[in-house]
Structure formats: structure tokens, C-alpha cells
Amino acid sequence: MSELEISNITKDYGATRALHPVSINVERGEFVTILGPSGCGKSTLLRILMGIARPSAGEIRLAGTRIDPLPPETRDIAMVFQSYALFPHMSVGKNLSFGLRMKNVPSPERARRIEHALEICNLTGLVERMPRQLSGGQQQRVALARAIVMQPRLLLFDEPLSNLDAKLRDTLRQELVYLHRRIGTTSIYVTHDQAEAMAMSDRIVVMDGGRVVETGTPLDLYRAPTRAFTAGFLGQTNLLTADADGTRARLPWGQLVALSAQAKGIARVSVRPETIAIRQDDTGAGTVTSVSFMGANALYTVGIAGTTLKVSQAGGESLIAAGSRVSLDFNGALHLLKDRELPEAA
Amino acid sequence: MSELEISNITKDYGATRALHPVSINVERGEFVTILGPSGCGKSTLLRILMGIARPSAGEIRLAGTRIDPLPPETRDIAMVFQSYALFPHMSVGKNLSFGLRMKNVPSPERARRIEHALEICNLTGLVERMPRQLSGGQQQRVALARAIVMQPRLLLFDEPLSNLDAKLRDTLRQELVYLHRRIGTTSIYVTHDQAEAMAMSDRIVVMDGGRVVETGTPLDLYRAPTRAFTAGFLGQTNLLTADADGTRARLPWGQLVALSAQAKGIARVSVRPETIAIRQDDTGAGTVTSVSFMGANALYTVGIAGTTLKVSQAGGESLIAAGSRVSLDFNGALHLLKDRELPEAA
Amino acid sequence: MAVVAETLPKARARVFHEDDRLLVSAGLYAALGLTIALPLVLMFLWSVADGWAPPNVIPRDYTLSRWLDMIADPGLLRAALNSTVIAVVVTFATALIALPTAWAMARFPFRLKRLVEIFILAPVIIPGLVVAVGIGQVFLFLGLSYSITGVILVQIVGTLPLMIRLMTATLETIPDDLIHAARSLGAGTVGVVLHIILPLAVPGLLAGGLLSFIGSFEEFDKSFIVGAPVVETLPIKLYTFLDPYSLQLPIASIIAFILLLPALIVFVIAGRILRDDLMAAGMGKL
Amino acid sequence: AETNLKNLDFDLSKVTRENFYDIVVPAAKAEGTVTMYNFAGSFGDAWKELITRFEAKYGIKVEYSDVKGAQANQQLIAVQKAGEDAPVDAYFAGGGDYPLLSSAGVVGNIPLTSILPNMDHYDPAFAQSLFGKPHGGAYPLVHLNQTAIGYDSAFVKPEDLPKTFDELLAWAEKNPMRLGVTLPSKGGSGGGFIYSVALNYLTGECRTKLTDYTLTAEQAADWAMTSECLEPVWDYYRKLLSVAELTNGNADTLNLINNQQLYIGTVWEDQVMTFIRGKQLPDTFRLTLLENGQVGSGDAMFVPANAKHVAAAMLLIDMAIGKDFQAWKLENKASRSPRTDLTSNLVTPETAKYLLPSSVYPRLSAPAFWDMAKALGEALDEKVLSQ
Amino acid sequence: MQAALHDRKIQLALLLLPGVGYLVLFFGGPLVSALIGSLRLDDGSFTLQWYERIFTRATMLRGLQTSIYYGVAPVFVSLLVSIPLALLIRQNFWGRKLFNGLYKLPMAVPGIIVALMVIIMAERGGFIDRVIAPFGVSMPKLVRDEWGIGVILATVWKQIPFMTLIITSAFAGIPEDIRHAARSLGASRLNTFAFVEVPLAMPGITAAILLTFIGSMGSYAIPDIVGSPSPRPLSVLMLFEFGEGRFAQVYAMGMVLSLFAVVVLLAYYALTANIGVNRAKGDE
């Protein structure tokens, strides 16, 4: 029995179906990210878990108990909102004690838990402040502290970092990971940022159009996605069709590469830009059409054999100028996609 | 004579100085990015260029003519706002024709230019739509089209992509680069996103606290920053002090490395995570304290000789587990920073 | 099994359900019927009742003669026409006067703003009678008494505060960037006002215009003291019949209807275009 | 008398009852129009009747306005002060307003009662002075009214009908909250009633003071507020109001009677007729007067000193006091006439039962003294109601 | 000239001029003349007698109390109706849009007509009385009654839409997430309402309270018609004084009423100063 069992949850808003039957199991202590583009139903699912929206069908069990009919305040779940949703009329301390008072936690215990949460979230000294007197990052941490002070069975995060700027997002992402490691609360984290998902999660659930597309560890999903959607959404990729002759397939520039699994005929594969080596070569078959310097690496687009490929060059000490002829080289195994067709553009 | 000459512009808001004398030259057709953290004065500078704020001192010349005393409507400058600032009561077509009508461009010419702008910005078919009927990305493109339809001498962008989600930001960033290549208008682009700045610009002006810190091409600034601030703001880095003996310096793990310039005593250097090679080594001096899988690479923090270093491993086919002992190896030349001190944390 | 059955229904009952919707509807509309529709219907019955004494719950005999008498009065039409013309002029003039000031209130930070705000609110606070009597004396001196111009001028004192407040609330919602964008696209001050500010101020202008129109159409105290009986508006013409000391229910009911009908019609029509948040911001925020 | 009229277009001093029409009619026609104010809400239909007749006879257009007495008075005073022309030529105004209007110089000095042909049967009691204040004929009443006790005979048996103020109090004590007394400051039937109570209970010097018409409004107010004389009045009211309903106006009292909540109330005779005709009172409603008298009054029509159409105004007033119109008014509005040749005998029996019976009227009609009544009303508020 | 127009201070003055100037001229002027008038005898000499009358006459003193009572009591009753109503109409019930337009109708009904309706409906022997008479019950006294219930009913009837409109907006201004956050932290609906929603809607609610208080304290048609003949509120007494032509007294009473309203307003500002946010935006 998993800690959280989401079984065949659907949600209809009038005629539109926001969630097709969705089933997800989360183990105790796991940090699971739900990743998907805007509008794919991530928030809807979280809200159903929290109890502030009701499912049209399906059931949810937390630690074996069915919770979907329960009102939110009885669910033992806490949530960190994208907007933080701090109570603007309460100080940081009051925000933190609110939930404990609602659950009638006795005063000394309350003080102890608040103290602890403040410390964990680096908020000591800010107890008296009002939310509007805090920076975005501090507000974010208060929202987090307010949730963990409840010591819930399940923690939900709805894109909690998306309102922060890049630098701060990086810092807080790190802090969140440490925090989870420390308190170990089972967590579901919603985001549309693949970097965030990969950096933080034990497991990623990829969603699209109200459906679960694929589930796996960040590594598995990045390296061996089985769906074009996953491949394209988790980082950059080249979605290609290759002629397979059983164990090997031919890439557009003619190279023959081993397949991870047997296939014959048209094989659909995803080739990551960083798995292709690029080399300036006046007799090469490809032409660089653009170069983007990204700091730690350079990103090229290369026209070759009628297709355009993205190629990433780590370090990129010496950039290859646009217009140069290049030759490409893939090494590794090709992972087959299970989609029937590839999308028009990645 | 540069196309745009910004000379000693200062701006005071009451007692606070938002801009210390700032001077920047921009060449004809150049795409210059102003990069800096929130509140460093980027928008203030843009607003002064546009004419919607007035400088406290200094002067601005565009194509040789002094423009700072002119009202905005007579400057040949167009701006793309962070909030898009589309006129909500006008259709896409009306938004685009507004400026042309204000400048009394005759009707057939108007139609031609709008047609062209729509096409360039991939907006054909949306002329009749109202702004609220467009997605964020589409709104962004309309804002852009509205600016370029004016065929201004100078285009200003104030964080035009910051309200979009990661995936869309990538796409539009690309489109903007292509567009600039096509129309060639001199452009100033403001952002606090270093990846954006590096991927797009001919030249980056790094600002901090109302001052220009450093100026240079993305490559130069990334590889050989002269300020700790630049090094830290453009991508990840390790800011270290090293003992220099003239031509070489000793890194924390003992390795002796050549310096790009002569130095003696305490040398301040910036070491990029991707320039350090990491290798699992049971006898190594370092210990991995955390691992983040980032897709195309893995990011480690390594404790070594009393300091904590960030190390990036490209590809990262086989991740090194946290807790493992590792040895590090830097190869390349160390670039000296010219700061007196290093900041506490990068 | 039994445990589940026990907890489920209780939890379900706590949320707003499809069935409650009808109940809420029924309750609200019943309340509306009893508190608004019923009094109006009864008032109408009084206006056509030919005697209505206890124990009759509804009148036994009816007559239209009072209505006919009332409507036959040519003065009524003249007063209605006066009222309409005055209300239209007042509405436009109020908007015109209010706009620049509202712009300043919405857009300029300045030190005495609170004070100016209170001053603009003051006509709502000070009893109209005091202002009217004071203004009556001044107007007599200026030769504005008993003229349509005088009535219009004095009514604007009453309509201006709300219009300024509503317009301020509306103009506050226009992002600075829109104006900057317009200027960067070559629009001067006139262009910005004409093409950006005015169109975007329309919701506020509608709300303020509507309230000004009704406010003017119904205004009694000030118009009466400044204009009556030389300038007769509908309320001036009709309030004599509503004199509390000699008020006859049948006639008062007719008058009430004549006074109310235009306002009600305008209100119902305008209910669709009025934006609650703007109204609230203009009227409620202090 | 020397004239204070500002816009005379004919020689007023030459006008006599005999040559009136010869001089005034041409002058009035030359003026072409005449503006009239009516202060009494319930009199609109009567004036409409008069105007129809007037316009038909003389071809002079009447601009008619209903006004509020208090405001119109203030308006005329202000206009007079400002030296402008009056907006009105013939003003039907409250009888009690004469002291206010005359002291402000608003009333045009025209001896109307001496020169209007239709005033040849005018009651001498009102011809030269009104309630003790001389007006030289300039402020003639054109309508008399009477405060009274009204009752629903369906509930009050003839043998129980109070005939004196003491009996009224006794009746009220026996029938709590069935008697309605109009608050003096909110309706003349209440003001008339309090003055009548005072007339009933005051004697000797106190009564002399009470009926001293030379007192100004302020003097009356002072006396009412301070004099011991009025103790019996306050005492009567204290007892009465503990068992009676104090109402918010004449109409309020009548409305409660129509609702069968009150059986007896203080009323105006003419207003009762209006309500009867409008079926707002039961046809069992009857009137009476109490012994020692109840206040009778009247309202005047005058020409303001700065009126623009003096001749036409005089002509209109002349027709208003004409026997035909006065008879019509009595029959339809229970408006009594200051003409000595017009009595209730001329009224149809159907109307007569709603008028005061001739056994009490005019026998028990006492002249009004509105400044004093008002003073008593304010003192009542202060001494009884607010304690 | 051009330069002058660029000066922010001059721009501000020019923009404020139409509205503020108008009010100074046609409102401030008469007000000042009223103030002066309230301090003068007929012969022009200074006096406080008109104010003295207000504070020494029992009728006037009780009138002032009554004014305050007629200002305060309806506000409480309106709140009792408006808050639940505001909560109900934000639900998604059938016919909501129509209701939203209809419930505001009383805002367009003049006070005197409201008073008329009360007489028709609630007067003893009136409509309701007649309806319930067959059941052997009768209406309590609601018109002319000592507690001014008729006045309160009529005033409340007129106030409710206004209050509800403002309170609805105040509640609508609270982000949904905040409510959800409270629920997720274990607060029941009721607790969420009491500890989160009400405090957050408070600025809107207090503003509504203040404006309705000021409005009903100064109204006279309703208390004049359905109020008790004694005591009468200052506003009604003021009208009476106007009828008597005692303008100085009218002015003095108006000043006292206004002063009271202004003091309440200022007290409100003082109390809420720390909550208030400066709404002004500035740019060049």
C-alpha cells in the first residue's frame, strides 16, 4: 500500500474535461514532481488532493484512508501556494500559528513547533514582520514554514518558486531539497519548469492535456523517455525518425547506431543535443546555421541532410562560426519512442 | 561617432540616486543587452532613453542629434514593455496602426508596413483579435510588432520575456535574435536573466547599483570577467582567492595553475564549475556533498580543503553519488579579478 | 463499511451543492419579491384604488381618474422635459469638470491629497439644505437664481464628488505603461487623452454618468431652493404632493411612480454595463 | 394709502369698486398674463377650476405653480431684498403668514377689500385686519377653514361623543390610543387644537395675554416658553398624550382613522372633504366642535409689492372671491367663504353631512392666532414631549 | 509657457482646478457664508445664540441624540443583512446576474418614497396588518414608534444595496488562494470567514459603515414621515426652522451635524491610517 493512492481521478468543468482518469501512487517520504505545460491540469489535481476542488470521479487514499469526501481542514495535508497566500493581516508569527490554533495545538507545543519551523526556514528574527514587509523570497519561506509547521502527512507545492527571479529561484530550490531531506515529509511538487523538476525530484510525473504521459526518475525520463512529449519537455532534444534494421538504425547523416531495443522499419528516436559531437570539418555534411553562446556550453543549429539539428558543445572554448561546415558524430545507444507519430516541431 | 551616445546620465529620485553617471555607446545595428539584478537602474535608464523619465544630468545623442530634451513622441525610438502595454481596447491591427496614425503615415503605406510586421512576427490571422483573446506569447509578439512597425532608429526592450514560461521564453528568445538579424535595428535589451543576455547579445553591459560594472561580448565577459560581480552574475562560478607567485597560482586543492596575467600574493580568481573535471577517486581530497541532475549535465557541490566548490559534469552519463570521495582537476588559465575583495558568497 | 457510510454524508453536506443553488435562488428571489416588488405593487394598487379601507387586503374598486388628471397636467410634461435637459447637461458637465481633477487624484502623489479627498467628499457630508440656502443667497446676488443655469450649477455640486471618486478609481486602473507606450508611438498629450485615456475611462464614465443622471433627475433640495417655482423639474413639480403634512396615499403613489419610473428603467438597463468593483471603489473607499 | 407697488401700469389710486372693471380689465389685458402661486397642496383642483373660468372670461393666460409656502415666502422676501421683480403676481398664501410677509414688505399695499367689486359682501371681521393684525385690505382671505374634531360614527356612538375638552380626555382614557392628536408643529389641526385647549383652560390675565394679537412671534414664543399660565395646558397634554396617539400631520391622523386604528382625531374640515371625495375616509366620518371654541382660520390671496402684472392679479383675486366660485368651492372643497352671503344652507345635503353641523359652526369657531399657536407648539415640545 | 506646463506642480494645480475650484466656488463659498451666518444676529453682530439654543433646548439636544441614533442603528441592522447577502450572492446560484442588477434598485428610490412604502406596508391597519388580521394577530407599532423601528426599516431598505455592493467587492478582493490556504491549515468555513475573510474585508466594510452612517444621520424625509413626532432628529428640526425662516438657526444646526460627521470621518482616518495604502502612482 502506497502512502498516497490517486485512483482514476477525473474532473470536468462543465463540458471540458480538465483531468482524464489520472492515477498516481506516491510512496512514503517520496518527493514527486508533477511536470507539464500550462493548462495541463496540474493545479486542478493538487486542488483536488487538498480538497478545495472536488473530483468528478475516482478516489484518493492517504495512508489507507479514503480522503476525497473529507473537507480540506480535516485532511492532514498542507499546501504551499504559487501566490504564497500569506494572510496579509497577520504577522509572520501569526501566520505560522494560525493552523496550529485551528487544530487546537496547546500553546507550549505551538511555540516549540513555530520556533523550529522558523529556524528550518531561515526566518528567525522575522516573527514580528508583516508579510508586506518581506521580500519575495522571504514570503516564499514563510509560506513554506506555515505549511511544515503543521507536520502534515502530505505536503503540496503549486509552483512555489515561479514568482521569484532566476537567481533566487536557484537558491530556494536548493533549500527546498535540503529541507525535504531533513523533514522527510511525503511531497508533491507541481511545476512547468523542467530544470526544477529534474533537480529536485525523486520521481517525475509528466502530464499533458489532463493525462499522465509518463512517470520515472529524472535520469530515466531524461535519458530514455518513451514519449516524444517527455523527451521534448524535459530539456532540448532532436526528434528524429530513423530507418531501423532490427538492432541498428541509420541517423540522418548516415551514421549507423545501435538501438536499445529491437525495431524494424521506421523508428522514432530522441537524440539529445549534447549527445552529438560537433567538429569543424570543411568536408563535413552539415552547415552551422546559428550559434548561441550559453556560457557553460554553446548551442548550434546545424542543417544536415534536409533536417535541422540542435547540437550542444560543452565548454565551447572555441566557438564554430555560423556558416562553417561541420561533421557530426553520435555515440551511445538510441532509445526508441513509443509514440505512433512524431509531433511537427519539438 | 556612435549611433547612440549616452554620456554621464544620472538620475535622482529625491535623495536616492538611481543612476550614478552612466555612459554607454551603442553602434549602429548593434544588439546590446543591459544586464543586472533587480533595482540596479536598468528600467530607469531605458525610460530616460525613451523620454518618459528625465535625467537629472547628462546628455543623450542619437545619430548625432541631442535627444534628451525632446518629448518621447518626437524621438525616433520604439519600446517593448515588460507588461506588453497593449492597448486593451484596440484590436491587434489597431494596436499596430496606432503609432503610424499618430505619425500621419499615409494609409497604403500603413497597410503595407502592418502587413509586413504581422508576417515577421508570425501574427498573420490575428489582426482582428483583441489583446485579451491572445496567449501570453502572442501578446508578446504583438508588442514587438507594434514597435518594429514604426521602423525606429532605436528599439528598446524592457525584460520583454520575463512574464512568459520557460519553454516559451526559449522560443521567443530565438525568434527575437532572428528578427534582429533580419531588420538590423539598433537595439537595447534589458534583462536580469544572464542566459538570455548571453544567448542574444552582441555586447553586454553589466550594471549594479546604478553603475556600469563592465562591458563586453558575452564570450569575453563569461570567460574573462574582470569583476567578481560579473563572474557571479553571468552563470555559476566559484570565487576563490589563490596564492600567486607571479605567473602561477595555487588552487585550494593544491593544484598549481597558470595565470593569464602576472600577479603576486593574494589573487582573486573566478573558476567556472564546468572548467573543473571531477573524478570518483577513493583517495581524492574532496567529498561530494550534493548532486543535482540537470539533464544535459550534473551539478555537484564538493567540499575540499575547507571550501565548498560547485563542479559541473557535462553529460553526466554516470552520476557520482553524494558522499563519494573525488579528485578535482582544473585545466586552462586563471583569469584575475580586479576587485579589492571577494564578496562573502557568490 | 459502516464507518465509511457514516462519515461520507456528513462531509458532503458541508459544501455548496447543486440542490442548494435552487434553494438559495428561491430564497433570494422571494426576499426580493417581498421587499422590493411587493411594496411597488402595493404602491401601484394605491394609485388606482378607489377607496381601500380595512379589512380589504386588495382594493375593491379601481379608478384611473387620478392618473388621467395627473397626466393631463401640461406642467408635468414641461417639468419632465426640464428635468431631462438639466440631467443631460449636468451629467456631461460633471464628467468634463471631474476628469482632469480625477486624473490628478489618480496619478499625482502630493502631500495634501487626503485633505483634498475629504474636501471632495464634503458635499456628501454637509446637509444639502445648508448648502442650498447658502448658495441661494449667493445666486440671487449673481442673478443666477430661478434660472436653469443656476439649477445646473447647483446640482453639479452634488454630482461632482461621486463622479470624481469613480473616475479616480477608474483612472487608477490604467497602467502607466499604456500611456508611455502611446507616447513612444508618437502620441502627444491630446492623442493620449483621446485615444487611450478616454476609451479606457468608459466604464467609470458610464457608472459616474449614470449616477449623475439619476442624482440630477431626482435632486430636490438644492434645485428647489435655487429654481422653484420658476424652474420646475419633475421632483419640484411633484414634491408638493408629497408634503408629509398633507400627503394622500393615492396621489403620492402616482407621484412616486412617475418619479421612480425613469430612474428604475435607467438603472435596470445600466445594471448590465455597470461594473460593481468600480462603483464600490468610487463610493466605498475612503 | 401710499403705494409700495413697484410695477404699476395704471393709476391705482383712481380705482374704486365702481370703475374697477373699466380701469383694471384693459390694464390686465395689456399685461396679458398673470402668475399665480398656490401654497396648499389639496387646492390644486380648485384653482384649476378658477383658472379655466378666468381664462375663458378674460383671455388672460394664468401661469400657475404649486409651491411650498415656507420656501415661497422666503423666496419672495429674498427677491424683495434684492430689489428684483417678484416671480408671482397673485399668491394664495397661508393666513398665518401675514406677519412674516408684511414685516418684510412683501405684501403690495392695495386696499383690495375696498375696491374689488366682488368684495362688496366681504365679512367685515377680515376686511381691514387679520387675526388682530391690520392689513388695510391688502391681505384678504379668499378661503376660510376650520379645525375640528373628526370621528368615525361607526365606532363613536352619538351619546359618547365628547362635547368638551374634559370629555375628550375622559373618552381617550376610556379608549386608549383611539384618539389622534396632530403634533402642532406638523399640522395646523394640531396647532389649532393646542391653541383651542389654551383658550379653554386659561382665564383672566393669562387669557388676555393668550389673545393679545399685538404680540410679535418672538414675544409669543418667550411667553409660551416661560409663563406659568400655561401649566393647565401642559397638564392636559400630559394626561392626553399618555392615552392618545400623537401623529405626524393632518393626513397622518386621517390615514389612521381610515385604517380603523383611530376613532377620533384633530382635523381640518376642508381636508376631510378632500379625503371623503377621494374615498380615503369612511362615509361614516363626521365632524364636531368642542365647547369654548376651536380655531377657525383662512388663507389669503394677495399681490406682492414688486409684482409685474398687478391689474391681472387683482382681476384674478376678484374672480376668486366671486360668489359663483366661492359656492363651487364650498360644495366641492368644504372651503368656507368670507362672503357674508354664502352659508352652508346652499350646500347639497349629500355634502352637508360631512360638514360641521350648523349647531356648532360658526358658533364655536374661534379666531386663529398662529404665532401664538406656533409658540405653544414649540413650548409643548420643550415642556412636555422632551421631558 | 511650455516649460511651465512641464512643471509637475503647475500641472497638478491646473488639473485640480476644475473640480476643486468648482467646489470651492459653489460649495465652499456657500458653506463659509453659512458658517458666518450661523454666528450672526440680524443686525450683523456676533452671536453664539444659535449654537446655544442647540445645546440648551431639550428638543434640540434630544434631536442631536436622535440623529446619532438614526445614524447608528440602521448601520448595524444593514450589516446584519448585507454581510450574509454579500456572501450568498458570490455563490453561483441560478439567476445570479439578474439578481445582481435587481437588488440595487433601492439605491434609485428617494427616501420619501421609501417612507411611503413603509406606511403602506407596515402602518397599523395597513397591508400586513390586514393580511394577518384573519389569524387574530396584529402588527406591533412600527411607525411613529418610540424606537424608530419604521425609520430604521426604511433607512436599512435604502442602505442595504449600497452596503452589499461595497462589501461584496471587499470580499471579492480577497484572493481565493487565501481562503483555500486557511482551509488547508485546518480552518473550517466559519473560522476562515471569521479570522481571515472578515478582517481582510474590514477596510471596505468600515468605509461602507461610515458613508451610510453619515447618509442616514443627515436624512430627513424618512424620520419626518415615519419617525416618532418626538423626539425628532436634528435634520427634521432643521427643516422646521427653515420653514420659520430662521436661516441662522438652520446654518448652526447644519454646522453641528456636519461637524459631527467630519469628526467621525477624521477619527476613522486616524484609526485606519496605518492600514491604508497610498494608492497614488507617480511618474513623469
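Every chain is named by a letter (A, B, C, D and E) in the order it is written, and numbering of its residues begins at 1.
Please note the rule applied: a contact is a pair of C-beta atoms (placed from the backbone, for glycine too) under 8 Å apart; a residue touches a chain by one contact, two chains touch by 3 or more.
Just so we're on the same page, UniProt names per chain: A, B = Spermidine/putrescine transport system ATP-binding protein; E = Spermidine/putrescine transport system permease protein.
Quantities reported herein were computed from a predicted structural model and do not represent experimental measurements.
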Leading chain pair when contacts are tallied as C-beta pairs: C-E
Remotest chain, chain B as reference, centres from CA atoms: D
Chain A and chain C: spacing of chain centres that average the CA atoms, whole Å: 54
Where chain B and chain E are represented by their mean Cα positions, the distance between them in whole Å: 56
Centroid distance [mean C-alpha coordinates] between chain D and chain B, Å: 91
Separation of mean Cα positions, chain E and chain D [Å, integer]: 39
Set of chain D residues in contact with two or more other chains: 186, 248, 252, 255, 258-260
Multi-partner residues of chain B (at least 2 other chains): 52
Contacts with 2+ other chains: residues of chain C: 14, 54, 137, 180, 239, 244, 247, 249
Chain E - residues contacting chain A, complex: 175, 177-178, 180-188, 191, 195-196, 199-200
Residue ranges of chain B in contact with chain A within the complex: 37-38, 165-167, 177, 192-195, 198-199, 218-219, 222, 234-236, 272-275, 290, 292-297, 299, 312, 314-315, 319, 332
Residues of chain C that touch chain B when the two form their complex: 175, 177-178, 180-188, 191, 195-196, 199-200
Contacting residues of chain D [partner chain C, same complex]: 37, 40-42, 45, 64-68, 71-72, 75, 78-79, 82, 84, 87-88, 186-187, 248-252, 255, 258-260, 271, 274-275, 278-280, 282
In the complex, chain E residues that touch chain C: 8, 11-12, 14-20, 22-23, 26-31, 33-34, 37, 88-89, 91-96, 99-110, 112-113, 115-117, 119-121, 125, 127, 129-131, 133, 157, 162, 165-166, 168-170, 172-173, 189, 203-204, 207-208, 210-211, 214-215, 218, 221, 224-225, 235, 238-239, 242, 247, 250-251, 254-255, 257-258, 261-262, 265-266, 268-269, 272, 278-283
